[in-house]
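Each chain gets a letter, A, B, C and D, in the order it is written, and its residues are counted from 1.
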Amino acid sequence: MKVHEYQAKEMFATYGLPVDKSEVCRSVDDAVKAYNRLDTSKVIVKAQVHTGGRGKAGGVKLATDEVELRQHAAAILGMDIKGFTVDRVLVGEAVNIDKEYYASYVIDRKSKSTLLMISKEGGMDIEEVARVSPEKIHKFVIDPSVGVPDYLAREAAFKLFDDIKLVRQVAAIFQKLYTLFVNSDASLAEINPLVLTKEGNIVAIDAKMTFDDNALYRHTKIAALNEPTEEEKKELYAKSKGFSYVNLGGEIGCMVNGAGLAMATMDMIKLYGGDPANFLDIGGSSNPTKVIEAMKLLLNDENVKVVLINIFGGITRCDDVAHGLLKAFEQIKTDIPIVIRLTGTNEKEGRALLEGTHFHVAETMGQATQKAVSLVNNNHD
Amino acid sequence: MKVHEYQAKEMFATYGLPVDKSEVCRSVDDAVKAYNRLDTSKVIVKAQVHTGGRGKAGGVKLATDEVELRQHAAAILGMDIKGFTVDRVLVGEAVNIDKEYYASYVIDRKSKSTLLMISKEGGMDIEEVARVSPEKIHKFVIDPSVGVPDYLAREAAFKLFDDIKLVRQVAAIFQKLYTLFVNSDASLAEINPLVLTKEGNIVAIDAKMTFDDNALYRHTKIAALNEPTEEEKKELYAKSKGFSYVNLGGEIGCMVNGAGLAMATMDMIKLYGGDPANFLDIGGSSNPTKVIEAMKLLLNDENVKVVLINIFGGITRCDDVAHGLLKAFEQIKTDIPIVIRLTGTNEKEGRALLEGTHFHVAETMGQATQKAVSLVNNNHD
Amino acid sequence: MSILIDNNTRLIVQGITGRDGGFHASKMKSYGTKVVGGTSPGKGGSAIDGIPVFNTVKDAVEATEANTSVIFVPAPFAKDAMMEAADAGIKLVICITEGVPTLDVIEANHFIKRKGANLIGPNCPGLITPEQSLVGIMPTMIFKHGGTGVISRSGTLTYEVVYNLTKSGIGQSTAIGVGGDPVVGLYYQELLEMFENDPDTDSIALIGEIGGDAEERAAEYIKAHVTKPVAVFIAGQQAPPGKQMGHAGAIISSGSGTAAEKIAAFEAAGVPVANEPSKIPELLKNRR
Amino acid sequence: MSILIDNNTRLIVQGITGRDGGFHASKMKSYGTKVVGGTSPGKGGSAIDGIPVFNTVKDAVEATEANTSVIFVPAPFAKDAMMEAADAGIKLVICITEGVPTLDVIEANHFIKRKGANLIGPNCPGLITPEQSLVGIMPTMIFKHGGTGVISRSGTLTYEVVYNLTKSGIGQSTAIGVGGDPVVGLYYQELLEMFENDPDTDSIALIGEIGGDAEERAAEYIKAHVTKPVAVFIAGQQAPPGKQMGHAGAIISSGSGTAAEKIAAFEAAGVPVANEPSKIPELLKNRR
């Protein structure tokens, strides 16, 4: 789950991390008031959107007087950045940047640990730095049972600075950021850039945090900051029903038990010349209620021309699955053709139950997919 | 460093540990007011002193009405318990005890860890339990890098209870007590007894905490609770001068560099028929200022008839030590005989410098001690 | 032989009094797994399907000499359960639970490693050594004893592959679902090494998916260290970036972790990649 | 031979720019110890008495291949320094610092053990293998190479004993001050084992004091495992209960940890106890 820069900065401030003075504004008038309260001539106006690249899109502007500020705030508010409409800007004191650095904590799958990543190449796209000059990124694996002791924070800080005063300042930042990361179950806590000002202070002038969805149950305040897109609202609704759903825009709706098999199913559709409408994992078992809910989701998508149900009967045997499907479809009214592929334990019994119904029954994933693709093409004709 | 029961209970309450309702009182009138505020018929009045065995000494009494309360408060306030005058009593609601248990965290030298010790034999002298039936005490070594996870707290709690509700209650107590122990750098956190009330609640009705002197620098609030005895004030004063000092009551004052050697010196005095007046470790080196301060300490003790200075010259050579001693004693006026034993690097040069002065110079600890003892005996004659 | 579990596996089921725990404890027991005990705080002394229940893993291990534990407790308690198992001397901990916070897994896995034990999962179907021992929730009927080791990040997709293997007459030495989370215990490299060293394993099926770069590292490892034939399937070629595909770990972040990269890595390492799960048996047969 | 340190010891001094650190770094160097570096955050690149100074222990180890570290930093920073050393790959950490909080020592020692390293101290004079290597603050002139291993909780009392040994013609293999705190690193048992296994050690002097029951456990250990002659001195017979005698660990609590108990334990184990430090050489000579 993502939060906005201004929300991340509020968290930073709570943990004693130095951030630039700023205020979030929802209107041009608010922005002007904020400008006057900040009591500084030069401010920066930044779009608050849940996507990267706002700078390139014109969502970040410097203003040196009220007129300019009005202009920029007006231009940015309402702007569309990669499909996100800007409804808030952050108006912040523009600091005198001497040098820019990069610092983040991320979850590292390889070391199965939290990783501190730092670089002297701040203010740029860190993936680009990692690609072009990986030696400029320093990584520190954090032992969760000790966290970031002073010596480790110092070791990292010495990679950025020689001056012991700056080393101590930035080491404290690394420790506080780690505490925030752990206490909030973050999956990313990034400062880019972390700035050395001409006055010799170190300030986080941007802040990015994302959080582990699996841990949100213990962070209700953070969970409350969630602002799902229309797309994500659908996904969340599916989740509330026990599904995993992602819209893909194609014509063949899929309903599969298991995430891996669901991914394989959408890949197969493409392989056989079709376009998957979605990823949909309905989870381990497939009782009638679940199937009904899942079908509602698929049929809500106007693009869907054919539905492909791919079920592997494991603990729940295929004959039970077939009974469940038949029961579910008693309650579902649709003209859309349904292809069902059932494999696994008692598959023959299961398929036999479905033969002679309005379902198109297939034995293998290949056959089922071919059938679904051909049904779409027939519809087009 | 010790604190009173009521102070420990305040800390307990801060950490969410269940304690009986109580108030500390410095006068009988205060006690009566507390009694009325507690709004319960039966209360317990407990002397607050930095020593054990207050129960046996009559410092703990049950009162069932205001008259009794007045009597007990009046009797206990001002009472002398093992040399401590009671100036405070704790007036607490008397809980309906069903069963008594024991729980403590201690520093365990052997496992080099914190140890959780629990027993069903609460309310008694735990050392006695340990001696008579050690199998009734359960010990859990705490890994400092993980603390007391839920499972460990439960494991321990199941040693005391079968009922899962009580297990959960007491497991939470074990976890909170550990947090308090670690956060406050305690060396002991003891609940004896931890009580199961007839109403089915678990309450700490006594609380004992001692703290690591070496860590007090980072716990100023706890350090402020220190109430040194007259004896301890002397020791603290010595500490502020860089010494370790303990009064022993004998006639031969000692001044030694190093704690082990200082202990050996007082043992030798006893071995040779004398009585050491004190333990005094003046630390590694022995510059004149230190010697002057140390002599002041010794000469303040009216029992001291002879002073035995035992210095091992290591990094600081014996000749330098001798120069230092001579310089120091230019400023010290005393008729008390001084025996000096100097060994180690350049000992001959050192001793040569002291020959012919008013010091009694000895080569070995044995000789020095004999000399000191004989000088005391001469004085007595 | 086999890897990780066999006839000597003595299993306890943590959370045995829960719906899933109880159901699968019986399933495992009836498959022949030595399910020697279960745990459920406060239910010690009772029994589930003849399996004795203990209050703590420590009690269970003391009474039963269990060496393996499978966890069915809800996600908020999974970390504690994993650590309890390792602290009690369990040497292989399998966590089935889905939705465990990543930092909990990191902490538990570090602790388990420190205790000299291994973790599988969480968010995994467990593992099976066919005709010897099942630890987890896999449907036993599709498995057959044989020579192919199976490693997978998925559940039903593994069954799909195993089903096809068995149908083609290819049995399995051990099949392991490592779990679909970003951070899980044993992974490709450790398991590839175990299979390489297992005399009863003659080939390996590896089922990967989008997210992370474990497949890329596995490809390198295979090239350098694995002499036995390996066939691969990678799920998620059609997954859009930034979207989590069911598994918490199946997500393309900042343009990395794509199926295309993974497939390319295996092909560069000379490891054949199936374009359908059903092609795995064919690829293995061709290489033997 | 010897134990723990010898000619292969490559030492760094943590806190080398402090008064004590600098002073003793020079002393150790002039004794012949291979003092290959020192650390002091922010002073990296400078030098003390020709010894290069680094910002971090990691830098120092990378540049110098140090294997041993001695710590002179103030007590509030000692825990961090101990952990830094172990994390950088140092295998023997000696902490001279006095007044380190006990929970800091517990944490650091656990960490050091986990890293496969050993701690000596804190609040100790260090150790010496005469005529090879000095790590700590011991006065070198009183030591002489020979066959007696010395283990002690004290500083000057150790020197007193060593002085008497040397005067009697008995040299030392290695002499170690384990430290006067309640919790310290290597202790009697580990060191007795090392001396027992060291071919160059022919006898052992053990100097104990009041507080704890380490001496009692050492007596048991000697009886069961040590074949070489051991002589003992215990300080603190006149110590009153409840009073800390200089060392944080030298305190009789709740009536246990008395000198009488300890002396009785050694005597029961057949280990002679000297009534004066100067009697140790005699006891050792009698037993050889």
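Everything that follows uses one rule, which is that contacts are C-beta pairs under 8 Å (C-beta built on N, C-alpha and C of every residue); 3 or more make two chains touch, one makes a residue touch a chain.
This structure is a prediction, so every number in the text was calculated from the model and none was measured.
Annotation of subunit A and subunit C: jointly contacted by B, touch as defined at the top.
Taking each chain's centre as the average of its CA atoms, subunit A and subunit B sit 57 Å apart.
For the pair subunit C and subunit D, the distance between C-alpha centroids works out to 48 Å. Counting partner chains per residue, subunit B has residues 145-146 touching two or more of them.
The multi-chain contact residues of subunit D, meaning those touching 2 or more other chains, are 111, 114. If you sketch which chains touch which, the pattern fits none of the simple shapes: not an open path, not a single ring, not a star, and not all-to-all. Contacting chain pairs (ordered by label): A-B, A-C, A-D, B-C, B-D. Only residues 145-146 of subunit B touch subunit A when the two sit together in their complex.
Residues 107, 109-110, 112-114, 127, 143-145, 182, 185, 187, 212-215, 217-218, 244, 246, 248, 256-264, 266-271, 276, 279, 281, 284, 312-315, 343-345, 364-366 of subunit A are the ones touching subunit C in the complex. Residues 146, 149-152, 154-155, 158, 163-164, 167 of subunit A are the ones touching subunit D in the complex.
Within the complex formed with subunit A, the residues of subunit C that make contact are 27, 75-76, 99-107, 109-111, 114, 137-139, 141-142, 152-160, 163, 180, 182-183, 207, 209-210, 212-214, 217, 233, 235-240, 243-250, 254-256, 259, 275-278. Considering their complex, residues 41-42, 44, 55-59, 77, 80-81, 83-84, 87, 111 of subunit C touch subunit B.
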